[in-house]
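Naming follows writing order (A, B, C, D, E and F), and every chain is counted from residue 1.
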């Protein structure tokens, strides 16, 4: 297979981004009704939805921790989220990702406030284009806040790597597959503590720390977007949401009526 | 594939039946010893055996309903009951059928008499030739009665459909496969309430109600056979069964003895 | 396939053994640290390790016997223990062997001393060359003793069969595959009670009892080896083991130091 | 559908409302909640659709893979319909293999597609007996607020109507639309509780329902599929009343559907 | 076999009876219950038989499918034996994957068939290394009243003896009988409790048994298979006593078997 | 890794020791336990090794089988890494399908081998798109006393370094050594508790750890793999301190490894 050129002469990446540029990110807070908190993120072509239930009684009982809440994460990819159909249900990859995301979130949550309970985080990847664990973790952070779960800080995540010999953040699929290294991290933005870190590929010590710095900055940018999205939601919540409900009802009736008239 | 002619010029079906005729039905009440109630039915080529255990303590406990008994049905097809070997054990089809039969039976049973208990109905299809869910449900109704479970009425079931454009009851395999519609129902004969109804294919509104009427009549015929079989069993129970036992013992001894003499 | 000649003119088997000769057996008591008792055996090319945990509370609780301990055995073959890779995890063969070994061991253990508990025996076959169930049972007997579980006697096991028309003990793989019969047994050496017996192939009544006799003798030989291995272990236990520990520590430091100096 | 417990108070309240001819969200007994169908939402899927039915939300995706046909229909493509009751969607949904409810849901939607004659399965055969297209319709329930049967059926049908055969991905030429033969039957679900019959049950209504009846009707208003559920029973008259409700709603829903998928 | 608990009273009663040389159903220690073998009961199966052993009842069916041989025996057909302890048959049998007991039962019956040399596996090869007949023997336990080992073995053997190779179903010509080489070994099961040895245990006897011993003998009275079960032990003398019981019963059972299958 | 509960007393004791710069077994914070690598222990395996890391013991075996390549890499052999946390090795390991911990362990070791470029996968292709060698690395944990990540990684690498391609077993010619391209990266695992950072955690240290960090470095001291675990966090400075520990230990371990496998 011929190697694709991923960085052009001007230092631009295949989608025109510079080394430190993130893909476009759209955040929707509380898109779901049943869940206690939820968040939908479009991050480049990634489409991920996260929901939070809890704190609720931990079941089965032997899982209960008498001193704190446990955080359990279910990361799942929809069968149609990738080119070749993925068999529905958990596999080894999703089990590992569920574990490392769950551990990262547990660090952020003030678990000692809710002994013997469980906080359940569900992440569903509807469309995947590299970086779904970071997208999912970022969405889960917002969903936890939306559910009113007290946290030290809202965690944010971003992956980076090495492409055509150059250190860049937020790899897209082509960069992930043809690149020389992949390093996803999650941090608490305020203290820059690292909650999640995985890596494979090949990075010199210098490159590794350079990339870590870029990723910390990227996470802080993402953190700003998270806060803005939550703030917008809080502002709109009381007035607008109620209007929507009523309007929804009206539109619905109108639509049905219109259909009837046709 | 060439379409088979399923109704001849005289309006007769491939096995000589008219539109409203049922296949031959043989019922044996209480063929099994361990079960609290049981029934074996040969319905055309279908061979189905049903057993009932209970009411017994519902296990696991979280299934218990403090106000009534739950009815759980296991419908299963033997691996050799069809042409191509079926993998033993439950599959999606048997799960759905177990669910709809269980719901239908629950309607008939006076569940409020036995709070916190479970009534277990097991249906095994030893040989299949279309209509096994109706055969199984009909057998289960008898097995429940045989087990002494109080019911509002004994449910009876029959399927019907459309074959070569004609509405007929009790489809056999060729009619089911080449036919235009399949409609299995179960009713309580006394009130004609519908307990089970599924359908696929293509029926006009007129055809649908015409078939529903025929099926209700068929179910009432079947109900008569159910009652007759139970009555015969009750009559024979005390005297004959005991004789059989003794005779069985004698024959057995004789047989072994005869073998010894040979 | 041509039949291999398994017994030569002088009555010797393919590895030079006579009919009653066992393959070389090496026993190591307590090779593992976590387990309460353990044993590693090399028996011909077979390499088997057994560990014992317990008596501990039987879980789940419905397994508890109010009058005695239950003995549960997990026999497992490593994926690389045979020529064609075996899928890891239990299969039907290992389930059956686990059952019969567990039953045999339960007979030896004074289970009435530990009501409501479970004694867990784990047998891992690292390399297999016919006779692994007997090797495993023999190792498990030692591991039980090593764990201090009181027994009526330490069970010993050996298989035998018929090869080129001749009765022999301790079949190796070629003899097992091309032979005419295979008969594994386990006994309590003191009383010669039979705890495990399985057989397939073809043996006349005379051959069967002749083989049973040879196997009882073989088991008694194996029993002597078991006792010797345990005795050696008890003798060395206090002094030598502690020395080893200290030495191990020293060697370790030396090794690391040596590495540093290189 | 769900094991959520509705409090006795809410149950009494819904009974009382029903006696006055009312429902909790002010709908009439035969009235559907707002339906939104958004096709083509997933780029990686061969076809996809997001359907909202009131606050219930389902995302359906279609994927095609090459595989072997069934022995008894060597010239036909294969349909596999699966529904995932994601823990995301309800506190009552758990991880793990599908339960009875999910299986019934999948199979009813599957029969709805299969028996409708909507997909021309013979055109999905590449080499008789050897190689055919397998069509996977996967239904992901994102928000469960009642009537998953209708939401999933609509989502599955809409995803199929916008699906292509991915010849390109398999190096077999250019993609073409999935060959669809007819306008599909539309399914309407109803519940009965305390004697009252209602279309498009909300979750609370579902939870107290004695019986459920789903009817799928085609453009000629023929019956194409029926599924009765739960332990309650229906009289013949009740079946007739439900049929009338369905006939009127099917027409409206079909219009919404056609506009959305532009077929 | 079963986890049913026999009351202490019944246990004492059985012990006492045994001390007087008696059994609950008046049989002698070495006496079998009545055996009925009804072959050919299932039309759709390639071979089938219903066996009653006292009140224990088993239905066996044989199906043949085409498949690949095992890598280490490319010229041989394949045998797969499976037993289903149906919840129908006993309150102690549960749905779900087979437990240890069902697995042991399947494997013992399987070895009984396989090692008997009864099936001529080489004649089941169609294309070496590529295509052979796979013979499935499925044992469905319908009523469990003790001694499933013997009932299942007889049912499996009888079903095989009446089985055909379904060439027609696969469009390969006319059906022919399954090629069987010899008269099969017959297996007899015995239990020991409180020192007493008994043939053909009833369920109650099985439940209190310390140990179980199954022996299969061929026409020359050679040992062809043995399986010891349960935590109790046997002395050499007890094995000899059981062998004698088996030798006399095997002959009688073989006659019943031959009459039933007409081989 | 394990769910064993360390008593509060032992936890306090370890905390106190750490404050004084000490560990329970007298090691320095950056010091590994004794490493023993014994390759070639299993005759039936294509490659094998037994590794002891203090009292932790792992047996790794490599098997090769023929199979199909993945659709997206038709010219490459396939690697499958699996770890078995045997109930033999710890009272906390249970039978049954692998849990989250075993899966994480397998996947981290697998990535370590895969991403190292150690195996020349293209040389494992026999017929592009049709037939390639599948390399199974199975890690059997025999004694669990902490730091399974490093013990398993070493055992897997050592087993591979002594592995052959079993052409003979498949009748394809003479066996040849598995084609290995480079000296593999070596992974070092560290834990943090109560602010202290330690290499090669013993089981007790693992059980009270807040966070875990595994780093694999190659001969140029490049980062080749990282895995952070547990709910605790690391600061950038802590990552740097751990990197230094790893750099020094990797060199020593690589020497032990090279001597053992003679590569």
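As a working rule, a contact is a pair of C-beta atoms (placed from the backbone, for glycine too) under 8 Å apart; a residue touches a chain by one contact, two chains touch by 3 or more.
Keep in mind that what you see is a predicted model, and the values were worked out from it rather than measured.
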Chains touching both chain D and chain F, listed by label: A
Taking contact as defined at the start, I'd like the list of chains shared as neighbours by chain B and chain E. none
When I count C-beta pairs in contact, which pair ends up with more: C-E or A-D? A-D
CA centroids of chain A and chain C: separation to the nearest Å works out as 52
Note: chain F sits from chain E at a C-alpha centroid distance in Å of 48
Where in chain B do residues touch at least two different other chains? 84
Scan chain E for residues touching two or more other chains and write them down. none
Could you tell me which shape the graph of touching chains takes: line, ring, star, complete or other? ring
Direction chain E, origin chain B - full chain order round the ring: B, E, C, F, A, D
Quick check on the complex: what are the chain C residues that touch chain F? 32-35, 38, 45, 47, 49-51, 53, 56, 74, 76, 78-85, 88-90, 120, 122, 124, 126-128, 248-249, 251-252, 255-256, 259-260, 262
For the chain C and chain E complex, residues of the former touching the latter: 84, 92-93, 95-96, 98-100, 103-104, 106-107, 181, 183, 188, 191-205, 208-209, 212, 216
Residue numbers of chain E touching chain C in their complex, please. 71-72, 100, 103-104, 106-107, 111, 115, 213, 218, 220-236, 239-240, 243
List the residues on chain E that touch chain B in their complex, please. 25-26, 31-35, 41-46, 48, 55, 57, 59, 61-63, 65, 82, 84, 86-91, 95, 97, 136, 138, 140, 142-145, 169, 251-252, 255-256
